[in-house]
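These are the structures, in structure tokens.
Two complexes come next, and they have one chain in common, chain A, joined by chain B in the first and chain C in the second.
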Partner chain A sequence: MKHNIFNVLIINRWFVFGIILAVLLVIVFTAGAWFSRYDPYNASFSPLSPPSARHWLGVNDGGMDIFSELMYAVRNTVLFGVLSAAAALALGIFAGLTAAWKGGLTGNILMRLSEVIMSVPPVMIMIIVASFMRPSAVTLAFTLSLVSWPTTAKAIRSQALALRERMHVRAARDMGGTSSYIIVRHLLPELFPLYLIGFIAKLRMAVFMEASLAFLGLFDPARKSIGSMIRYALQYYYLDVWLNWLIPPVVCFSLIIMSITFLAISLEEVFDPRLKEI
Partner chain B sequence: MKMEGKELRIKTFLSHNTRRIMTYLIAAFLLILLGYYLPRVLPGDYVTAMYSQSQAIITEEEEAWLKAEYADKESFCEYIIALVTLDWGYSLVFSEPVSDLIFSALPWTLFLLGSAHLLAMIIGFIAGVEAAWRRGPLEKLSVGLMTFLEGAPEIATGILLLFIFALVLGWFPAAGGETAYAGYGMFRWGLDVLYHTILPFITLFFAYLPGNFLLARGSMIVILKSPFLKTAYAKGLPSLRVRYGHGARNALLPVVTRFGLRFSFMLTGALVVETIFSYPGLGTLLFKSIALRDLPLIQAIVLFSSLLVLTVNIALEICYRFLDPRVRNET
Partner chain C sequence: MVEIENYSAVYQDGNHSLLALDRVTFSLNEGYITVLIGESGSGKTTMANAIMGLLPKNTVTEGSIRLNGDELTHLDDDSYRKLRWRTMAMVFQNSAAVLNPVQRIVNQVAEPLIYHLGIKKEEALQITEKKLAHMSISSDEMFRYPHELSGGQIQRTLFAMALILNPRVLILDEPTSAMDAALKAFMISLLKELKSKGTAILLITHDLDLAVKTADEAIMLYLGQIMEVLPARDLMQTLFHPCTVAMCRSFPTMDAVRDLGGMRGDAFYRYTHVHRLSDGKTEPHVHIAAGADREGGHAPILGCLFRPRCTQAVEECGRTSIQLTQAGTHKVRCVRGGIVDLLQLKQIKKAYGRITAVDNASVSLRAGEILTIVGETGSGKTTLAMIAAGAIEQDSGMRTFKDRTIDEWIKNERFSFASEVGIIYQNPAESVSHRFTVYDIVAEPLHIQNKSSGAAASKKRSGTQNEEERKKVLNALTDVHLPVEPDFLMRHPHELNMGAIQRLCIARALVHDPVLIVADEPTSALDPSVQAKVIKLLLNLQIEKGLTIIFVTHDIGVARKISDRICVMLAGRIVEIGPASKIINEPRHPYTELLIDSARGELIHFESPKSEQSVSPDGCPFANRCSRRVGKCLEMNPPCSNVQGQSHLFWCFNPVVLFSYDKKMRTDGEK
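Coming up: the complex of A and B.
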């Protein structure tokens, strides 16, 4: 199953769209970060000046170069997403495999817990944590992973349960394979497509969440994020600056979300449609 | 043996339905518990620290009152009683009881979210069923369009619509839920509210539509292959009856089951959209209370809307019993 994943994926139209968009975005933002000449916190330029050869996207109300700010913001937003998605995936794999392998009381408790967490809107938990404890962005990314692991855990558990009864895994057990041997050699590698689906779904949710929370003003106001850029720019929407200040972060954010969504949809289409996550 | 297996499946299915309702109740209890303990476990002098950053200028007297309010003297029972009797505290920023603020914003949010979800579900479902029924170039096009829309975040579509239709063309108002101080009669007021709701409604409608469409189409395609549809045809039933009475009816189930999960994830976007259009609902109220650091209000809105989401989910789970006769006949 593992060796032909790519061959299966490459014929899916949405996967090709998504991956091309993702590669282009990575190239553009890496090059952009390279070319941004100013420190995004340097507030020494004349506020609200229009785009020029020195400031490609002009200067914001605080006198900061918008292009440098945008490159920094994209990096922060995507890093938040990757961190949170990776942590959620790790938690989901651990909980899912434990529930499938141990079963019994442990498995039941884990699954009930995941159902309770799934029934509460994640954004509400994030708002409460962010407004009452005012943690750093990294802490918030981990907090998000604490509420977003259950969907992955459920998918992994049900597939692991099915896999456990397959002939080759039974054979390995009959030949005296220990639990850890079977989990590491059979379950972990053979569930690989689920990790891709889980990671991409969580990434989409986390990037979306980061931008929304920043838009609502729940992060440190000095932290650069696509959401906070849109928030500040929207306050000046009646001026002409929206073209160079508001539109760039909105377009960047849409392209990032689209690329992730196309990847998510194609992965779900290619691998079992019953494993659909959000 | 085969029958036994089927009965077993029905049993677990039934308990699944009841178990889900139990899960929501447990989640509601945990949320209330969190609302009770959170202000009490925070380290340090929480009131002074928070209100030193707040927009609200509070007097010594008010600070003492707040400290007393948050002091660990109220028992959990008293907290529950206060919750049930709508005694949710007092917003110092808005100088109004928290419950008054929430209940004046609630109808707006219910109207906007309810109509967007309902219409997106009905139209998305019917379009999905029809797309699965008539495979062809139009279906391919609509699937492509819907997948594209699924990738467009609400924050971007909202801002785009705000620009095109409110600022450049000027067809629709850019902010608010009604014209202030217009003094319209009942009918004019209704039209005015609709007029203000159109842009946020369209933003949310197009955010919710693709998910329903793709899900309905996907499950309908699977159902169209099942033998019972062939039987229905062989009986000579009209095509519309086969499609909706036999096929779509089953395709509805996954759409309904997934609704709860989608609803709670979609809430994030709804908050942002309300804020973009300054729509006078709970989302904008939450945005304001976050900006002004009005903690009692933030906490009350979060708890109230989470409980509301759980209530919707429980209601949906009960509806599910009526939608799926396998569950209904067992109860």
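Coming up: the complex of A and C.
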């Protein structure tokens, strides 16, 4: 069936836009990082210089090369998102499968816990954690995953519960298959669409979250991030530097979010009817 | 009258000698019909010829044959000639060849009268004419030559010839093979008449129907050895030896509802010769001509002869020499005492919450038997079958498989039990993962039991597959007639049709070489032509591998075609269980009758529920719908009753007495 999924995806407009955008962004930013000749922390240039052949996007108020800064910021933001999404996904799969397979008290506790977490806005928790504990970006990414796993866990659990009663899973159990065998060979492959959708959704959320927190100034001010770039650039919006300082990170950010959103929409369109069918 | 004791006969055939009879002991008594059954080549006719003293001169014999206490084996030809026709007569099998082609038949039949009794020709001819007329040969036909008569007429002529001197002992070798059904009925009445006159009759036939209807005792011969001695009425019903079972399953009677089975493998002859061993001793060897499974074609002297074709053979069968032993009214030559009980369920109860799925069900299953559980949806048939398969645990009750408790077995050795039982599920497409390839699907039970399955899977990707595993998978696929090309092995289930997927599931169930197959509505998702193929396949597998099958279906038409026994379930209770032919032709429980009549499309006595009286939980589950209900049906569950002398059980206070066939006759008569 795997080749069929790709056949369906490739004719989906959202997917085509999303994937082209994502590929372009990856190419631009890997190549861009290669071309940026300056250390983003090097503050030895004349502040607020306009774009030139040496500084493609000019220099900011602290005397740093904006292009190099942007390259680093995008990388930091996206990596934060990927890390947090991956961790949330792993947690979600683990919690969801445990709840489905063990059931009983364990399952109940896990599900109630996930409901409690889902009822609290993640932004609030992140602001509190970031402002009071001032952790590193990596720790913060994991913190975010701690509050974003429940949706995945719930989806995984309900699908796993349905799958458990499927004939081929019952057959494997009747043949003497152990839980680990059944989970690895039967459940995990069947749940594949869920991971994909879950991962993309979490990625979008984490990227947004990172940008927002940085914009609010809740991150280490020295860390390069799209959010903090926008924040600093906004202070000078009355000068004409906003053209080369404010617009590039905003556009980059929008493109990243757009590409992820398109992918998410396409995946849901393709997988959802199949999930219902199951 | 005639006693045969430890009689062996060896035909000399060039360098070989063919062992036709091996220490056969039985007797023929007055007014008693003994029937010899067995495949061709099992020594039936040799036995008859031996009694008549007609064996070839170079035959080596041993043991004794006594007529009223006088030894016959040492008699010379003249004394024997005096006995033949007068005391002992035989109707030969190869009819036409026995008669003299240039003599009118009436003259030939009269010959013994003239030769033995010295009666004048005219008188003899008169007696003969009477006798022939008794055999319903018209006066016109009597004066014909043998070639002018039909096979059936010749057979009757031979009968007249054999009976002309009223012999005390009559041997009939395949008397009905050339006869049509009407003549066969005549033959049966004739045999009964002779029996009442006190003639001792040895009937040799492969017509089991004739045997059941006429004989008193049946003797099963296999390769010259008596395998089972049994009361003839037990034929087709209660059998112990696997050989007799296979034989009876192959025979088409009017009652038989199941498709014909057969005996697996081929018959072979036994050759004996003497080998000189290295230490100078000699040891006689028995050779099996077609037994390619043995080194040099030598079979050990010891052991059961039927073993290569037996479906329940164990190692012990080849080790000891086996004697006929008494088992009830039967005598059986089998180490395992005949067909063994494979599975026993005793008072199984299972409830899902408040709903009782199975209530006090007890079933036992003999090896190599097909038991079908029929009943409406929700009657608990699947639950019962799955409890038998070890897939569901019962709330209370005992279940044993191969004399071991299933619950303990599963607890201690899950894998070993899983290899004994294969399960086939209702919906083939659902019961396989659509992500697996054909190979992975069939190999799954092996992968599950192989701890290094991950390693095996990665090996497969690198192209070096586990040879043993691959062999097993290919064998299983061959068994279900699926292709084994690498291209097919890499296909996914959605590329196959339903029938192929179901056969794939059967292959998966077979890959561990299980003893028991539990098939839960395996054909209900299939269209009739595919269903027919799958059922044929299962039946063939049953014959070839001796599988024991529990078949769950709601379709009594399917059940009729495949089962040895049928078990009817209603609301978690077994209401009737018995041999398939009995259940179908003579149902005793009103519910069974309803099922069968509805399957025939004629609801003879379907009435809307008599009243809305509530049935107590202890009452008969059918009480509300039953037209034969009596008062106590509502309050208590009927006890188990059985049809006399049969393994046909039912649970009903007021069972159906008239069988549908008679009933139809009667209603037709009234019209």
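In this text, the second predicted complex is superposed on the first by the 269 of 278 C-alpha atoms of A that agree within 3 Å, B and C clash if a C-alpha of one lies under 4 Å from a C-alpha of the other, contacts with A are read in each partner's own complex, and residues count from 1 in each chain.
We adopt the following convention: a contact is a pair of C-beta atoms (placed from the backbone, for glycine too) under 8 Å apart; a residue touches a chain by one contact, two chains touch by 3 or more.
Keep in mind that what you see is a predicted model, and the values were worked out from it rather than measured.
Visitor: What is the contact status of A:246 with respect to chain B (first) and chain C (second): first, second, both, or neither?
Guide: first
Visitor: Kindly classify A:102 by the partners it touches after superposition: chain B alone (first), chain C alone (second), both, or neither?
Guide: neither
Visitor: After the superposition on A, what does A:190 contact: first (chain B), second (chain C), both or neither?
Guide: Second partner only, chain C.
Visitor: Just checking: does A:166 make contact with chain B only, chain C only, both, or neither of them? Give me first, second, both or neither.
Guide: It touches chain C, and chain B stays clear.
Visitor: I'd like to know which partner A:230 touches here: chain B for first, chain C for second, both or neither.
Guide: The first partner, chain B, only.
Visitor: On chain A, which partner touches more residues: chain B or chain C?
Guide: Per-residue touch count on chain A favours B.
Visitor: Contact-wise, after the overlay, does A:174 reach chain B, chain C, both or neither (first, second, both, neither)?
Guide: second
Visitor: Using the superposition on A, tell me which residues of chain A are in contact with chain B and, in the other complex, with chain C.
Guide: none
Visitor: For chain C, which residues count as touching chain A in their complex?
Guide: Going by the criterion above, the answer is residues 389-391, 414-415, 417-418, 423, 425-427, 430-435, 444-445, 447-449, 453, 492, 494, 508.
Visitor: What does chain A use to touch chain C in their complex?
Guide: Its residues touching chain C are 1, 166-168, 170-178, 181, 185-186, 189-190.
Visitor: Across the complex, what residues on chain B touch chain A?
Guide: Touch residues, chain B against chain A: 19-20, 23-24, 26-27, 30-31, 34, 38-39, 42, 147-148, 150-153, 155-156, 159-160, 162-163, 167, 214, 218, 258, 260-262, 264-265, 267-269, 271-272, 275-276, 286-287, 290-291, 293, 295, 298-299, 302, 305-306, 309-310, 313.
Visitor: Of all residues in chain A, which touch chain B in the complex?
Guide: On the chain A side, the touching residues are 14, 112, 115-124, 127-128, 131-133, 151, 205, 208-209, 211-212, 215-218, 227, 230, 234, 237-238, 242, 246, 250-251, 253-254, 257-262, 265, 273, 276, 278.
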